[in-house]
Amino acid sequence: MRPDSAEPDLSALSTGDLVVESPAAVPAPPPPATSGFELTPKPATAPDADRGLLEVAIGPHHPSTHGVFRLNAVLDGERIVRFKPVFGYLHRNHEKIGENGTYLSAMPYTDRLDYFCSLSNNWAYALAVEKLAGLAVPERADYIRIITAELTRIQNHAALIGFLLQELGAMGTPLMYAFREREKILDLFEALTGARMMCNYLRFGGCRCDLPAGWLEECRRVVEGLPRFFDEFENLLSTNEILMARTQGIGVLPPELAVSAGVTGPMLRASGVNYDLRKVDRYGLYDRFEFRVPLGEHGDVYDRYMVRILEMRESAKILQQALREVPGGPIVDPKVKLRNFRPKAGEAYGRLESPKGELGFYLISDGSTNPYRYRIRPPSFINLTILEDMCQGLTLQDALVILGAVDIVMGEVDR
Amino acid sequence: MNLPGTGIIKGMVETARNFVGSYHDPERLTTIEYPEERLTQPENARSFPMLIFDDDPVKGLRCVACKICEKECPPQCIYIVQDRDERGKPRKFPRIFDLDISVCMSCQICVEVCPFDSIKMNTEFELSTDDRFGRLLLHRDDLAKSNEYYHQIHATEAAEVDARLADEKAKAEAKAKPAAAKPASPVPTAAKAAAPAQPAAPVKSPAADKPAAKPASPAEPAAA
Amino acid sequence: METLDVIKTRAEAAVPGAQLALAPNGAVPAEASLVVDSAHAAAVARFLRDDPQLQLDYCSNVTGVDWLEASIKEKIKTRKLVDGVEKEVEETVEHKRPGHLEAVYHLYSMKLKHGPLVLRQRTANRVDQVRVASLTPVWRSAEFQEREAYDLFGIVFDGHPDLRRILMWDEFQDHPMRKDYVEPDDYEYEPTAHDDVLDKARRHYPVEEHP
Amino acid sequence: MPADGHPYLFLALFAGAAVVFCLSLLGLARLWAMLVSPAKPGPTKNAPYECSLASQGDAWVQFRSAYYLYAIIFLVFDVETVFLLPFAVAFTHLSVGAFVAMMVFLLLLVEGLVWAWRKGALAWH
Amino acid sequence: MIDEGLRSELSKQGVFTTTVGELYNWGRKNSIWPLNFGLACCAIEMIAASMARFDISRFGSEVFRPSPRQADLMIVAGTVTKKMAPQVVRLYNQMPEPKYVIAMGACAISGGPFKQGYNVLKGIDRYLPVDVHIPGCPPRPEALLHALITLQEKIAGQKLTGPERAPHLQEEAPSEYPIPDYGAYDLDPPKNPDVWQPPVLARKD
């Protein structure tokens, strides 16, 4: 049992496995919504055993943890008392490999970060390096980047809604619809970059190769079919009573707690905070296309679901505008050297709106070919900070639905 | 209108429409029966690298063992040993060219950085085996593939590569001809345009050997 | 957002006794960063969050950085008497930068939507004095990222509610992201080993093979 | 129906055939296990599966009382189906009185369920 | 064994003959139930293989069992990190015989692109015997189906009796492998010597 003094005594660190800290007698009331969120350590009271609390590990191998993610849950019957996540089961040392390799050799590794959205990871890394070295990107490359990033957003949100419905017990049906659509978009990626999921397509200052013949027509055909797919998805799900009963009012996230906990992406906008990097940072040529940012009012799981559906529709609108005329011209800045690329010593933090939230790359360069410090700001890892606050006092089934709505991908959470 | 059950019924109507549709609407039948019916891979598809030779697997191999791909490969899965002839002088030919496809992440950075267009991406993906130490480590002879095969799998890309090699050879010969008049030896200019050591392959017009089996992807210029 | 100097002066006024400094940044965007001492870090952070003009209510990114002992050559222009004439002379001065760990915070404002303010906290050295003030009570988003900096770099954050290892298993001793970390040796089967991997793999070869 | 045999003979034959059929399958499997594929028990194989972790602590934890409420309410359906089955089989030959009696029986059970539901026994708290 | 001439002769007349072993293997190979065990990116390709387009249910393997008790194939799809390795070996131990392992993707075979990581196990065959390896990062869904076909051929070839009968029928063949535990710097033991026997390499130059 750790003394709850402010000074963490290093020697008596509790084990990472089942934290034996016991909760307050009555579950701690949700913290008062002050301007910032002052987190006070939970007071320790009687040990769990004699009060009938069940400690169970929702372990690394679990059908509904979206990968190898573990939660130490202390349950009062079905109610959640404590919900501590344990990470690290897919910690693949992305940053150490990034620092041992050159700038270019880190690019294929960014595909494996959030393995649903390889092209927006590439763009985030390319954006950070271009900011570090001050490179310009030709207009055609920016158009291609926007098209591929929005296609990635659509297939990521569709797959996520499929997995969220699987949490609610709809075994497979919505996932089948989502993956049927995702396969069409993966065919486009394979025709353009050569690989379905691991595209490794962007380079510093542009793209690797030009659009193959006939790719734009194929892309227009797929984008025209998207609204019909969205209507079909909405008919199937949005007004479904079971979905509404199971997700409305569950996992409510107050806006101040969301901002203070650094939650970004659809989860933040579902709580009503208008913060979308495509509008805030105006990176790429996003200010050339008009699209709206959907916001939710209650901040519960149903709003997160609805915000993602509306975001898919907005992405389809961006695609229609972008595909109308893609300008000609070079696709990469010819001055940029492919091998021994040495940016000047210094540091830069580039970020963009990935489907999960704000994906940032913080690079410190010391003038050599390898980055001195290569850090990734993982949106799904930080969105998990307040998982326990959202699940406080709910049943285990609702907590797993909330976990599903956070949209975590373990490659990015554990890096 | 929303009586308690209508949402669920609307969902079921949607599923019913898809169920009925799967009997007549080809767009609904997405299954590819794999071993009998195969998915035609798009042209840029890539799986693992392969070495290109022009006409003879050993003499015609384009690779000059410059080890640029060995240095640039992110997971470091290429191993090259340069060949030395009897007097120990290094020859522009790899005696050993090992590629460990159990480590390769098929990121095709080796293709990008190779100045001699000697390593390209294959599309063969049916390589599952139970022999861990033998069949997953490809040696130079398993990797070497002919230029014609390269034309079969990546038609437009192969055509561009051949065109570029042809005019490089033409430029090198043009430079060599006046140099032959003057005794000064032509210094190989940029590393990019190193004269191919072995006699250049007879340039086949790309359209000639495009096999009918490959779906004729329209070859008009790429820009929209 | 105002320039960093204005913020620095206002912060020093708001938090008496805080030693603030500006760290230059050589890259093209040239966003300088504000170095704050650990004792007053929490107070300065609250000022940055609650100040009406700044309202930096969103701590986007917390990073640990390991700076090794290094000797830095700097070109500085000094006026020196050269054979009687007062002239601008550029000479390189070499000074040793002591090894230290660093926690870097990127702060944004979601309300006013303005850009990053980079806040840095530096430890005394890399060996025993590795304590830095935790900013989790100010921004809740720093909780997991500070635990990761503790796990991978060994920076101890005072005042963190739950400082435990987050990525490595608990019995793990080292801090693996440090520059001088030696990784475990399991290089016995490396079919395509060359350069430094070959040296590690050679230790597993049969003895007589060694040249 | 064999005219001379005991009227319930067919029932005994039917039950015997069913039992023999099941036992023969199980016997074959037991035979196969004994003769051909050896059993290989082991410490971790017999350990309880807990999401691929070594299970800590014992499972003999006092359960919440709400679980027993669910078990008791389940009885309402259990008893109901036990009596519904013969009722359904002999439904066509029944007189109206028997039908009404059955409906009253069903009504009583459903009324018990409604009472429990309104009392909030099903809501988990 | 039946001689093939007699068998083809009989089958012309419509009489189909088989042996107990073939029947046993035919039943097993067409209903391999994989364990629902996704680690990383390859798991997404495994899910894509189980969806409508690359329909894994045509091979009888669409039933992804969440618990190891009902699974007889473990598809190790993704990077096995050192923190996850003990759990993978424990899952393998808790699976009933006969059980098979497919190492899907470069990471499961040899650590793949993350081989230089300090927390990455350089291949699951350091602790478990692997039946089929699928190279690729990630391998296409069709490559997974091709691996299933390879595994089915391997099962069809397994004998019922005799010295080299199927391992799960041999009394002495181990069905459990020791689970590594967490050491101070690495897992100890770092590998299982009687499962992991790599050829000895020697680079002269």
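As written, the chain order gives the labels A, B, C, D and E, with residue 1 at the start of each chain.
Please note the rule applied: contacts are C-beta pairs under 8 Å (C-beta built on N, C-alpha and C of every residue); 3 or more make two chains touch, one makes a residue touch a chain.
This is a predicted model, so every value here is computed, not measured.
Between chain C and chain D, the least number of touch steps comes to 2.
Among the remaining chains, those touching chain A as well as chain C are B, E. The most central chain, judged by C-alpha centres against the centre of all protein C-alpha atoms, is A.
Relative to chain C, the chain whose mean Cα position lies farthest away is D. Chain B and chain C have CA centres that are 43 Å apart. The geometric centre of chain B is 62 Å away from that of chain D, both derived from CA atoms. Chain A and chain E, compared by their mean Cα positions, are separated by 32 Å. Shared contact sites, meaning residues of chain E that touch two or more other chains, fall at 52-53, 83, 87, 91, 113, 116, 118-119, 137, 140, 198-199. Taken residue by residue, chain C touches two or more other chains at 167-170, 176, 189, 191, 193, 197, whereas all remaining positions touch fewer.
The residues of chain D that reach two or more other chains are 52-53, listed in rising order. Chains that are in contact with each other form these pairs: A-B, A-C, A-D, A-E, B-C, B-E, C-E, D-E. Those residues of chain A lying in contact with chain D across their complex are 17-18, 49, 52, 54-62, 70, 76-79, 395. Touching chain E in their complex are the following residues of chain B: 30-35, 38-39, 47-48, 74-76, 81, 100-107, 125-130, 132-133, 136.
Per the touch definition, chain C reaches chain B in the complex via residues 189, 191-194, 197.
In the complex of the two chains, the chain E residues touching chain B come out as 52-55, 58, 106, 109-113, 115-116, 123, 125, 130-137, 139-140, 142-143, 145-147, 149-150, 154, 198-199, 205. Within the complex formed with chain A, the chain C residues making contact are 25-31, 46, 49-50, 57-61, 63, 65-66, 104, 106, 110, 113, 116, 118, 136-145, 152, 156, 158-170, 176-177.
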